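Working notes, structure below.
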């Protein structure tokens, strides 16, 4: 093996650059060359690829949000013809293996390349934490931090004005961001796709809080359940609240990654290279029970699903006001 | 003079607590007692007032968002009868003067009390920077900082995905937050109520940027003009963009005040007390050309308007890409 | 069981208040009363204990640094007589069990009470991450974040001025903060107590970096090895550097806890209560391989030691410039 | 005029890059070319100069700490021969005017070039706020923010452990950073070069605080007075304190500039270009009483001194505990 390609795909998440850096540097450390692919699978097919330089391309990127390799939508990659074209490009450049950082769309691409015989490894990068085969994804910790900081701010206003804020956080189909940021902010209720909820009960809880002296409140809702506005409207039916709906939106995706995400990305990236050096491929890298793991990427995608730790919702029920 | 009352009213802004602390401490330093009024003018009329203690009420609040005195809507204060009732309460408690921290609704209350012969001083506290008689209000710097940080984050995603983001910031009828955060984030266009704009021109600028190599962009729009979604729809008519609309909303109001807001609030609060000690009242405190000033509150409200520095919009036109 | 006591002891760490809140709220949720002990073991012996109120004592503390229960040095607690006096106080107040949040000094106290037959549970709270029986302690993630942010700042100056900065971070005898913050900041060298180092090699690396184009550098050193100044002096002997020594000091202990620390503290606190409700005691709570665990506190302290993950140092060697 | 050169010199400060961007972009907007000078006056003499590109050199730098143009010590520039060599280089490249961002060392260089007939303009960039001719310098607001955040953190520990912290902040000979951060953090005493102080009085104040119930404290000292350790030792002579000395050091110089510094830098940079376009030169740019001003650089340096607003120290005496 002489050359490793690196590609980011799907939604950006904080820490992707730290992963790019770790993959490229670790490859160079082992005597290999690292090639960056611009604009995801689209750039791969178009041959938008460049040899990475440790100083000019990688120095100072560990703490930058977004991805220096850019990302792009490319539904055409679902077609076999396009996939084969990508492999052609890789072979033309003498690239022997590809590490793909992204969410499950990105993994599917890596799986397809692997099925066609081209060694690819998936590194989980998404704020949503919804990738099978890992307890945590790159960007999740930062997104939770951003959401928590926003909730902290909103609580100041809620308390000052005796208001209820219903705040929608990201997470696609998963409730992880809602759970972690909701607990961190001391939310009065956390509504996630993985657990039943009842707007009437939430309203009753908020009304009860008021009677006991806490005249403001925060409800965190995962975007996978419904919008903040819809939930607010439901809750308003069961009580007399001065309530507001807020959607945190894209601020959750960007900005400097936390130290935890930088370390996780560094570990994942380096580990992917070590696996390739051992002649392994077709794997999805992850962290399970605090240990680095690598599982068959095809099996991971086809037979496993991310499990949100719903016990955290029960925990919050015990420690909220 | 023996006792000074302190009241916060209207929307909360970061640094209000620093002002409360400065007023109370400065009063105590001069041998006076400080009384906190809870829930704004509503609490005033209801007599929800307490004697402040320097340690238990004021220690550690300088960096807290929101207002420890709470705020509340109270349209009834427009009626003379209610105003007189407030003065009755103040007299009953032996309070000789009132310092009110808030926006122009709050100032109107202070003006009314002054007209009825009760010495009141207004301290400008609002994130919107839209109070006449001062170049800067308490909370503006922090709100600009929060908006800028959010824009910094959004730019990471915009750049990674070659997108245009239209981001709506607060400011009520004023473009100040949009201008300052827009310049700080290097926005491609800033749309404010104080200057004409043309969605077609913005689209042309963004298209031109793309041709010159910058394939992403940020447009900041003040809420006083239109919503992010509306502006996005307008811009989309004149170009082929992968665009998104984002509303920053209530995160701009809360959180720790910046050092600048803490110092400004401390200066305003102390200055209000010094004026009262000199026997003055019926004033609106402010900072003009970097000097503390105090003007007649009635004249300030009736004959002056806040002026946004529109030259900053022209500046941005010269230094954007 | 009717009453649970809560105590913080030793150096403060961010997230201690989140743990206090979780213990107290979870106890209340189970129908118990929660009692706060002020000033650690000192306050315990003196009977400085108060019944906690969910609204007035616990609302809004989840994101505060330090500990609302205060801490204090109290070497006298090593004496059996003093320990028995503490138990007497607890019995007088009808407190049935005690949860202690702190580092290993605090654990020793809890162990002693347990040995005397009073059910005590230890919750690991320290920035140093050096408690046996857990992979992570409350405050570690925040301290790493603070150190990383400081390093990010220092790098700006290092790069602008072509300088080498030797930066000392906390951690007592452990290298964990140095490792995590060093990786996060992309340090050129990380010096920890758990791994041999050679100042000459570090100097050679920095000189080699310069030849390859990187004319600045960061060396992170754990306080357990030596001071920044000492290491700087050693490195300076082997090369011609414009170098500076910086000690980050106490900023690492305070400030808002990260979301990760808030969730960890919430989980630990609630778990301690659940264990007590099951009639268990004499335990040290922890997280191992991402699972909550509770081990015999005596065995934990007497037979186990914290293990720093030295493989992270090797990782950094592969991914630095 | 066709070409403008840009140079940063002396200690780096946050916002320098925003100034570089504004100068270059504003010049380009006016149809001029912008040339970046690397490594300050050293690079100027050596001809280390490059034509700046709006996309590749300036995009995304507005929020970066440090200076992309680097800085370097160069005492040789005090010699006339060297100065003339610099002008020779500038003429060779066809550069018609130079904008220098930095502290007073940098200004002296610009003054010398001006005296030799080469049009130069100084833009005040230093965290110390000690440049004559301006109320605020680029970087001061950010440095105050960093120091304040550090003090906020330290207070958590001080309060938890009933300690006194003596904290040394930067500022060279000026007390501005100490004053602003000290007020922002609610310091019990602020020691600056511009006002007499008495360690005995500070100790008495801290002892009195304790009696009144506040059993912790923060003393902020400007580096221009003495070190934290020295002041701590002095204070310790007059009371029984559990005190610590902390030096904040280089963290104050780096990191993302605040919005205020970005706007100030943008205004200064653009203004310098406007002046050059009007055929003016030999000026020092500043902001006085909230208005942009430009004064003769020779007169500014030779006949004026920065004035710290000592009234802020008196203010703090009135509003501290």
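Each chain gets a letter, A, B, C and D, in the order it is written, and its residues are counted from 1.
Simple rule for what comes next: a residue touches a chain if its C-beta (ideal position, glycine included) is under 8 Å from a C-beta of that chain, and two chains touch if they have at least 3 such contacts.
What you are looking at is a predicted structure, and each value in this text was computed from that prediction instead of being measured.
*Asks:* Could you find the chain whose CA centre sits the greatest distance from that of subunit A?
*Replies:* Centroid comparison gives D as the farthest chain from subunit A.
*Asks:* Cα centroid separation between subunit C and subunit D, in whole Å?
*Replies:* Once rounded, the distance between the two centres reads 35 Å.
*Asks:* How far is the middle of subunit B from the middle of subunit C, if each middle is the mean of its Cα atoms, in Å?
*Replies:* Comparing mean C-alpha positions, subunit C is 39 Å from subunit B.
*Asks:* Return the distance between the CA-based centres of subunit B and subunit D, expressed in whole Å.
*Replies:* For subunit B versus subunit D, the centre distance works out to 28 Å.
*Asks:* Would you please write down the residue numbers of subunit A that are in contact with two or more other chains?
*Replies:* Residues 152, 155, 159.
*Asks:* Chain pairs that touch, all of them, please.
*Replies:* A-B, A-C, B-D, C-D
*Asks:* Which of the residues in subunit B end up touching subunit D in this complex?
*Replies:* So the residues of subunit B touching subunit D come out as 21-22, 25-26, 29-30, 54-55, 58-60, 62-63, 135, 141, 144-145, 147-148, 152, 155, 159, 180-181, 183-186, 212-214, 256, 258-260, 262-263, 266-267, 269-270, 288-291, 312, 315-321.
*Asks:* Going by the contact rule set out above, which residues of subunit B touch subunit A in the complex?
*Replies:* Touch residues, subunit B against subunit A: 8, 11-12, 14, 64-67, 70-72, 146, 149-150, 152-157, 159-162, 165, 244, 246-255.
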